[in-house]
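Pasting a structure here, questions to come.
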Amino acid sequence: MLSVENLTVGYGKAPVLNDVDLNVARGEILAVCGPNGAGKSTLLRALSGQLKPHQRSRIEFNGTSIVGKNPAYIVNQGIALCPEGRQVFPRMTTEDNLRIGAYTRTDRSAVDADIEDYLAQWPVIERRRDSSAGLLSGGEQQILVIGRALMSNPTLLLLDEPSLGLAPVLVDRVYEGLKKITQERELSVLLVEQNVVKAMELADRIAVLSHGTKSFEADVASVTSDEVGSHYFEHVGGE
Amino acid sequence: MSQLTTDTSQQSKFRGLANRVPGAVAVIRRFSSALPALFILIGAAAPFLIDSPFRLQVLTLAFLNAAVVTALTISLGYGGLLNLSQGTYYGLGAYTTAILVTEHEWSFFTAVIAAAVFAGFGGYVLALASLRVRDDYFVLVSLGFTFAIAQLMANLPSITRGREGFFGIPKLSLFGLSFNDPIQAYFLCLGLFAFVYAITRRLAHGFLGRSLLVVNHDDVAARSMGMPPFKLRATSMVISSGLAGICGGFLVGTIQFISPNDFGFDASFTMTLYAIIGGLTSLAGVASTAFIFTLLLEEFRSLGSYTVGLVGLAVIIAVFIRGGVVADVVRKLLPSSRNRNRR
Amino acid sequence: MLHISNITKSFGGVHALKDVSFSVGDREIVGVIGPNGSGKSTLINVVSGFYRPDGGDVTLDDVSLVAMAPAAIRRQGIGRTFQNLRLVEKMSVLDNTIAGYYLAQTGTRSLLWTWLSELLFLPSARKRKQEAKRVAREALSRVGLSEKSEMLAANLSYADQKRLELARVLTLPPRILILDEPTAGMSVEEADELIRTIVDLVKTSDNSMSLLLIEHRLDLVLDVSDRAVVMDGGAVINDDVPAVIAHDPEVRRIYVGGE
Amino acid sequence: MDYFLQQLVNGTGVGAQYALWCVGYGMVYQVLGQLHFAHGDTLVFAAFVGFTLIVLGMPFWIAMTLATVLAGLLAISVERVVYRPLISRNLVFMAFVAAMAAGFMLRAIVQFFWGVQPRNFDEGILPTGSWDVFGVRVGYLPMLNLVVAVAIVIAFEQFLRRSKHGQAIVAISEDRSTAELMGIQINRIIALIYGFSGVIGMIGLILYITNFRTLTIGLGFAITLKAFIAAIIGGIGSIRAALLGGILLGITESMVSAYMSSILLDATVFGLLIVFLLLMPNGLMGQKTQLKL
Amino acid sequence: GDSKTADKAGDEVRILVSVPLSGDSAESGQDMLNGAKLAARYLNENGGVKEGPRKGQKFTVEGADDQLDTQAASTIASRFASDDKYYGLTGYLTSGQAQAAGVVLDKHGLGLVSSYSGASFLTDEADNIVLALAPVEAIPVAMIHYAATDLGAKTAGAISGDFSFLDSYHEGLNSGAKDSGVKIQSQETYAAGTSDFSTLLTRINRENPDVIMSGAFQSDAGKIVAQARKAGMNQPVIDYLGEGWGDSFFEAAGSAATKGDLYASDSGGVITEATSDSIAAWAGKAFEAEYGKSMPSAAAYTFESVLTFAAAIEAGASDRTDFLEYVPKISGEGFFGPIEFNDDLTPVSRPLFVSKFTGTTPQEKEVKAKYLMRSDGSVERQ
């Protein structure tokens, strides 16, 4: 469904990611881990169209190339990004934040139902539904942005550290929820996560990004978290 | 794209270069700080190379304008106070000087000091507003201040001699140099520019500038670090306006006539525009913008009524060059250096 | 030394803090845990002076802080970081850090004098500048950002930005250091290392220094804290040594969940 | 009492005029947070084109309709050519300056083609009479201004409320890059707003022309300035605020010259506005931004 | 280096006109420039300089945009000073610019002719500024005298623009009112760019004065009249600055121009009064033919200023450094009659006409009274 080849992307002259290849199949969850500054968020920004990759990069989604397209187009294709660091719209209410997530959808009543559904599922934000999102606590905001990304009914969900700032209970519940949705909706997920153990509980496959290249990839069933961890600093001094 | 925009500021480009060529950094740093000095040196030679009183007068005013606008960088660029009143402080300084030397027979030197104090006080008054209002709301307060003071200058004839202007200013001199001699007046204004530039630079690059940047960008962060924003903001206003007051004094010396009309909205607005075009926090950029635009304006003036449009064009070109739009377009047009990573 | 007593705070209908009391002793490390929205950040916003409490008092060495401005509180010796980043994005990493030092340090002397000495090229200004650089570099190396000191803060990855916030407050070590989720976005190993560094600093600093740590990595918090405070729904529901907290079934239920 | 009422009516008339300009300008400002300082000049430029069409024999209303379309297009192009490259680089102030400069250039073009003479329109485009309400003279045209302004504000608010654009606009004004991630075509929506601002502003200018029948080059900047002041007084946050800000400004000006001094009009009006702002730092209807850390 | 020889100055008489060509006052500035150009055409058609070493030289006029700004005026003046291809400097819509230019020229021993600004300090403080205009104070004195004697007004309301000469104008208005026994009930001012005068007019109307004195430029005056009539104020309006501008005024006033009596007071009345062989008659016709509007007073005064330079050259000031010296010795025919100056560089007298409109074009008017304004500000009815 998503296939990425030779993804090379950066901010200035020097690329942050070098020739990264990735594939995500329908209904599959791919976890991407890696140390700070490895380029995980950069990867997601490139996939969502916020960054324009280098020419030789290929990104295909459901058979069509989405390289160089703008984010709005990509969202319309069914890819939603939940960005890192709780980017809520602070002056909009909780509910409106969810609703704007469904911007690309035209089925109003279904959107309303989905919003109610999500709020019912998450009492932490339900009780603040009419409050400005900027006033929520860190964890509440995090729950909100995950929901916002889900509202567009994506076929591929890009999650950047969804467990950031969540209490352990909630982390578990978020992961449970994700598992459920992926099964129900045949949703594919590209999950960037620091918590390898957690990631492995959910994911089908896991990849490690280190210093801008993919240093490891395997089925979760075939590896342990320590093995994954050992690939974190493979390239140190290599460049 | 606020999160993603990469190094657009001058500073970081410079750093980017420096990162790659570590040796270059020192050279560039030294060079760039020597640049204004070089400029002033060339300026000092100018009167001996130019024999047209007109050109000399234009240069004199260009240095004077550059000085006022440079002073503005502290409050506008570093302090982030959208100050549309620099022309007013210029005017307060000018009127204070004019009144003191003409009616109370003060020496020019003491009058200018009084002008700085008075204008600086005006700056403090406006800074008080920053306690309550921010951003665009502050712009409106500042705008109101500008309009109101200009109107008061016009309507208090017993003090300011009214809207027709302050006439009868005696011939002035400072440190033995007379404003009445075009060359000496030129040197006085050049000296003033050097003085203002040096002070501003020292403050901007030191503790004050750095703290102001923090306050400007994030009030909350500054407070969490132990700095009450108001004190800093007020200081920045007082410095900008005090220096503008001094410049106002020199204006009185140079053209020996002032009128309220010269210190209204247009004047303040132009100064703010120059400061923005110059890059707000780039002293050399701001000073040279004010300088070059003063010269340009005089050149365009002979083109009669198209001045305004040509100035507009020049402004857009300057903004696009400084904003990196031109560079990006060029990059796009030149296939050899295609770089698709930047947006 | 830091006493928080009977603090209440509500926003409209939301009772974010209800009668919160506890204290932090010299060189003590106190962990604050609790579910999302339990009022942890609100509490430190009250302590650091950004929110005025509806009731109750905060004292540091018997000086009441509740009526003070945040800047004054920082100068009293309470330094904090933010859960949502507050960096000057257009300044370099080093400059951000130096600013932290300047701002905090100048409180101790007159602003005017600082500027004057700088304007007049007095040796003291020069010395202070060098000192600031040195201190900033040291703080950066402590959090592991030395190599990125010339980058713009905006261009750092998320975890590095968190580190920078920490470095900024460490330039002039406060007496009470309050950290709100300092390790967010870090891998387990990185978080471990960072927290150990901070703990080291607290335990070895020359002046007495205490740490109030808000963190969702339960094992880590319990591991380094001398005491842990558990909050829920704006109230302190438990305040004890980590060993006890770790086995408190209530804490398991509301916070850890599962299993 | 009659005097007071008459002056109140006068002030409302002036204010309604400001309001119409401000609604267009304010829309850009309120929803995008951008100071659109080429606003007045684009309008005046379009109106001069309309004037020429009339001179060439076109009926007034057709010419003015074309001018209105032109104003919308001009506003969109100013956004496209001047604002976008700069704002996408986060250079908000630079964009503001460039817009000013674009205004200068439009002004120079007007001066080049039409000279500095004010242009006058014939009388009788709309009836200019007035009602006599208990001895107070209420002009038709000022009231028409008011009605049109209110109608536009209501229509636009409804449009925003009912369509998804309303939410999208708020999202854009808060955080562009995240808004884009929601699938919002930000460029299209921004163009829409600018287009609307041009069209609505032009409607205001047409009403001005029918009332005062003259068109001067200097009018452009005056429009921008009044609109700016009114927008700030109203407070950022809603278009309704712009309307109120405009009317309040008109009434204040009128009351000051009616009861205080007309010589110190600006000083007094601004003095009052400053006091007002100090008491209400977010304007009349601006939202107080709450601090959450 | 300012010393020059006559031949270096070229073979034509170049005159620089410093006026606002952009901004709110651009229209007035353009009119002034046009007046000067017309004067050059007039002189050239009559053979250029008639006597002296420059005999036969033609006149050229060049405009410079001073934007009503002091700094700009002073650089224009120093451009003039440093370039001796220019013989004369004139223009100036407001006194500030003239004064600033005078200061610059003083350093070079040069002088200028201020054609349309005449604050008293120009004569008091500067000894190198020639005034083409009688003191501004004199004009309202004449206006109000006419209102009192011919219209029998006992009370008056005044409205005028917030122009730089407002103080002088008000001074004249008040002293004239005192002398003529008229009570000024209200003195309103408006800022440039105002188009809705309803508030000010309502305020004036509250006192219901016998006559309205308007001191508003061009189309502003037209709008004031139109709005006043609409508000039911049918008093006579005596206008200063409005009519002179002619067509703008009428276009703006529209049908209101015929409701109630309109009086104009200006020097442009010379044209109406003029015998067909006079300069004024020629200029009035030529101006209309060339610029499509009746000749405003401001244009008349720059016209006169250029003639003054010509007359000075013919009187012997072939070098521009001698100009000031020859001004009091000038004799010649000018726009307003013979050109004559006092020793303090002020005109001996200037005429002021009060005319009543009889139709809806600038030409349809009847001169009702003629006054002579002296340089000391006194006024004398003819």
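By written order: A, B, C, D and E. Residues from 1 in each chain.
The working rule: a contact is a pair of C-beta atoms (placed from the backbone, for glycine too) under 8 Å apart; a residue touches a chain by one contact, two chains touch by 3 or more.
In this text the structure is predicted, and so the values were computed from the model without any measurement.
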Query: Which chains are shared contacts of chain C and chain D?
result: A, B
- prompt: Going by the average position of its CA atoms, which chain sits the greatest distance from chain B?
  reply: A
Message: On a C-alpha centroid basis, what's the spacing between chain B and chain C, in Å?
response: 40
- prompt: At what distance in angstrom does the C-alpha mean of chain E lie from that of chain D?
  reply: 37
Centre-to-centre distance between chain C and chain A (centres being mean Cα positions), rounded to whole Å: 29
Task: Starting from the mean Cα coordinates of chain A and chain D, work out the distance between those two points in Å.
output: 43
- prompt: Considering chain B alone, which of its residues make contact with at least two other chains?
  reply: 1, 3-7, 220, 305, 308, 343
Multi-partner residues of chain D (at least 2 other chains): 111, 116, 175, 177, 263, 266, 291, 293
Interface hub residues of chain C, defined as touching at least two other chains: 41, 50, 82-84, 86, 155
Statement: Given the complex, residues on chain E that touch chain D span 21-24, 26-27, 29-30, 162, 188-193, 195-196, 198-200, 202-203, 206, 218-219, 223, 230-232, 248, 251-252, 254-255, 293
Task: Quick one: which bits of chain B touch chain C in the complex? Just the residue numbers, please.
output: 3, 5-7, 9, 11-12, 15, 18-19, 199, 202-203, 206-208, 210-211, 213-214, 217-218, 220-229, 231-232, 235
- request: Over in the complex, which chain A residues touch chain C? Could you list them?
  value: 11, 33, 35-37, 41, 84-86, 124, 128, 131, 135-140, 142-143, 161, 164-170, 172-173, 194-196, 229, 232
- request: Note which residues of chain E are touching chain B in the complex, please.
  value: 1, 21-23, 26, 30, 63-65, 67-72, 74-76, 78-79, 81-83, 94-96, 99-100, 103-104, 107-108, 119, 121, 124-125, 162-168
For the chain D and chain A complex, residues of the former touching the latter: 164, 167-168, 170-171, 174-175, 177-186, 287, 289-290, 292
